[in-house]
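A, B and C are the chain letters, set down in written order, and residue numbers restart from 1 in every chain.
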Amino acid sequence: MQKYSRILFHVYMGAFLIYLLLPLLVMGGAAFNDSKLPTIIPWKGFTDQWFIAMWNDNRIWIALRNTVLVAIAVVIIAVPVGTAGAILVNSINGRVRSILYGMMVAPILVPGVVIGISTLLFWNQFSVGSGLHLSVLGQVSYIASFVMLLVLARLQSFDQGLEEAALDLGATHAQVMRRILLPHLYPALGAGAAISFFQSIENFNVTLFTRGGADTLTVYVFSKVRSGITPTINALALLLILFTLGIAIWYEVSRRRRARIEAAREAEGRRAEDAELA
Amino acid sequence: MDDLLRRYGRGLTWGFVGLTFFWLVILVILPDFKLLESSFRPYLPVVDVGGPKDTYSINNYLRIFGGEVPMSIFGFEVLISPRVKVLLYTLWYSGVVTLVTFLLAYPLAYYLAKIVSPKSLPTLFLLLFVPLWVSEVLRSFAWWIILALKGPLNAVLIALGIIDTEIRWISGYSPVIIGLVYTYVLFMVFPLYNAMQSLDSNQIEAADDLGAPWWRIHWRVILPHSKPGIASGAVMVFMLSAGSLLVPAIMGSTTSGWFTQTIQGIMLEEQDWNTGAAFAFMLLTICTLVVTLAMWVFKVKLSDIAK
Amino acid sequence: MSAGIDLDNVCCDFGSFRAVDHVNVSIQPGEFFSFLGPSGCGKTTILRMISGFTEPTEGVIRIGGKDQRGQRPNQRPTALIFQNLALFPLMPIWENIAFGLEVRGVDKATRRKRAEELLALVDLHDSADKMVSQLSGGQKQRVAIARALAVEPAVMLLDEPLSALDLKLRQHMRAELRAIQKRTGVTFIYITHDQGEALAMSDRVGVMSQGRLQQVANPRDIYNNPVNGFVASFVGENNILGGDVQNRAEGMASIATPIGTFRARLADAAEGKLKLYVRPEHMVLQAAPGAENSVPVTLTEVAFEGNFVSVHAVTTNGTTLVAELRNDGSTPIPASGAQMHMAFDARHSSILPDSANAGA
């Protein structure tokens, strides 16, 4: 019975992975189908024309440039802001801490529609018109929350004694920050930057209300899905998926390599320990 | 504050405070106040703004009423305004999506936390994360292709002899639910996994040893322990579903309206930002109310979720 | 360059809790000074006040005669060795050691050279480019010492740095610490709850309890001439007997206890509730009663411990006394159940006040 249920669970896991990944394969496959509509059925033969069409589509390139610029701006603002918030929350206690923490986490749950409209209205009263700059500010308001959570988790494993040790050795606060705290936070900052970048790329709700007339990739794809679609979108989608997947795999591989190096060092430390006690 | 100053010195501390102030006050709180304030003001031509007609009222909120369409609520036929109907459907189907994601995620989270060997976990997580890296619009688009009238799903079902003629999947709310479940199911898996992982496996074995059948072990041991994870997953999925605009817009049809689409119409087609603000605020408060109510019914505290 | 330290009426409060209560002590330049006491006695707070992480609520701390009020940790001529060592895990060993020089703007080649010199000083060659996790506990210990020495501090502050080590290694590191201190001539202030450590390494020991400094003296006097019951009990075992004190004269007195009247040393100033303290190793067993300070007993337990024999005995009214006899072959090892007399020399026993803080 035990074994039977284990097999059932394995099957379920497999089915779930198929459920998650098959749609993406179908979408990617349609990029190579020589059919005017994005589908894999009926299969009318292999073609690369949709990639060429995509290459020649000027709007895609503009949208891509806009998307990347917005994402970079979001990373540049959200990472320091979220990190500052995490450090602040981490070094205070009591009620103020829980209130501040709540305020920092809440934007994740607020519907993007609300963030988009409120950002638009707020800046409009200062005669700041809509456009991608507002999209950046709107996106930062909730993406900084992700950075904050990542950095806070990393801070929890930080030994405050290291800061004191550095101060005691004569370091200034800025030197402690640069040489001790930031190096400890680098993994979280890197992950935060990556999440900020990808969250920004895929953002739709906030961007839709704040963008003015400018296109981002998500908005462009959306408008294409609604009005006369060709498999160009599938070609674009496939490239985007491969790009993000490549980064994810590279990240995982380097993480495992670092873990291996660290494990080898610790094993050496244990051997030294044994030698000392022998 | 003393602790901060001692740890980071004056300059850095003010830097942290300044950045956090910029984030929470300039980017979050003040815009939300502006949203609230605008929602009570009328939509006027520019020349009249600040003039005698620019007075506070709840008229924008009242615009949700108006017009009557039939709707059946728990078997009762009632006449109701189309916008209220859309709002009720949005809340109801967001709840359905939350329930479905929970049912799908629970066995998976249990499998990841307690059954699979820890060695294969990183690989499994990498695979599970793949869809999260793909944008929402593309994930909805993928299902739009699959569910198309001449799409692969119908083709497979016909080939298997399960159906004779193609089914029009894209109609009513079902494709929206399919899309939302697919998009947000992982937001249920990870909190559930985190909660279950912290459960001592010995407790399960002890219950097993005492002769409890598997369903009772889940009902009495694992489920109660997972409550904070269920709560945070459910809150995430519900809020994301109710606030989603992409999925209903791509997967929906004329027979399925989502409240975010109503807001979008008012904002971008009617260009009535004040009513848009009122409806956006309404969406936020009503969702928060529903979540609070659900947490009260299931006796979950906010502090459990914050973990 | 080493400096002396003066604590002048230093108090430290945390809310309504007084962690350090009017501590006065002068530590000499080049001295190895230990603060000894149970956890929560305020010794770590004293260390944090000297290093500047905590400000005294009252009183003044002077290092080399200079008032340290308002001086931040990075401005004080002290180097602290943390209980968990606090080595920087993301830097190689040599950068750890040279960190203090780095933040002072010393160029890289000089830093590297200095780091290697210090590694040689603490007997750790060829480890400059390793990471912290590659070292053993004892090696990490040495790196921490080298890192603190690199900034050429006038005062080294050590917060129970040996507590994480294995027992055998701990004994070895005691000698090494003492040797490094002698070699460098830097003032060492050492915090510990282990009386063996404090007595073995220090020039002088300050025993603390409940925020108060109970006694400051060299290790021998701390052990042999404790000023109160707390010090006597904290640094070793005792037979303790309460009673009425009579015939005080010339530093001696009699005390009438339930098992007899004994003579013992008594400080002239001693007041309050007084008790007799006799260390087990000062107890002797003899067949016949002695002239003074002797009591008939029945041996209940004789435990052979190798270098000594531990004997438990009861008096006629049921009071338990403990003696430790050297296993030097001069006397036969008695048998359990034997009827004998337990005696002690008046010069090796003291009548001490309880001290209000005793038993903390």
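Points worth noting:
We take it that a contact is a pair of C-beta atoms (placed from the backbone, for glycine too) under 8 Å apart; a residue touches a chain by one contact, two chains touch by 3 or more.
Source: prediction; values computed, not measured.
Farthest from chain C, judged by the mean position of CA atoms in each chain, is B. Chain centres defined as mean CA positions place A nearest to the mean of all protein CA atoms. Here A-C and A-B are compared, and the pair linked by more C-beta contacts is A-B. Centre-to-centre separation between chain B and chain C, using Cα means, comes to 62 Å.
Per-chain CA centroids place chain A at a distance of 55 Å from chain C.
Per-chain CA centroids place chain A at a distance of 18 Å from chain B.
Within chain C, contacts with two or more other chains are made by residues 53. For chain A, residues touching at least two other chains, in rising order: 172.
Under the contact definition stated at the top, not a single residue of chain B touches 2 or more other chains.
Here chain A touches chain C in the complex through residues 159, 161-162, 164-172, 175, 179-180, 183-184, 262, 265-266, 268-269, 272-273, 275-277, going by the rule given at the top.
On the chain B side of its complex with chain A, the touching residues are 1, 3-4, 7-9, 11-12, 15-20, 22-24, 27-32, 34-35, 38, 104, 107-108, 110-111, 115-116, 122, 124, 126-131, 133-146, 148, 150-152, 155, 182, 214, 235-236, 239, 242-246, 249-250, 260, 263-264, 267-268, 273, 276-277, 280-281, 283-284, 287, 302-303, 306. Considering their complex, residues 51-53, 72-74, 78-80, 82, 84, 86-88, 90-91, 99-100, 102-104, 131, 133-139, 147-148, 150-151, 166, 168-169 of chain C touch chain A. The touching residues of chain A, when paired with chain B in their complex, are 5-6, 9-10, 12-13, 16-17, 19-21, 23-24, 26-27, 30, 38-41, 80-82, 84-85, 87-88, 91-92, 98, 100-107, 109-115, 117-123, 125, 137-138, 140-141, 144, 160, 163, 172-174, 176-177, 198, 201-202, 204-205, 208-209, 217-218, 221-222, 225-226, 233, 237, 240-241, 244-245, 248-249, 252, 256.
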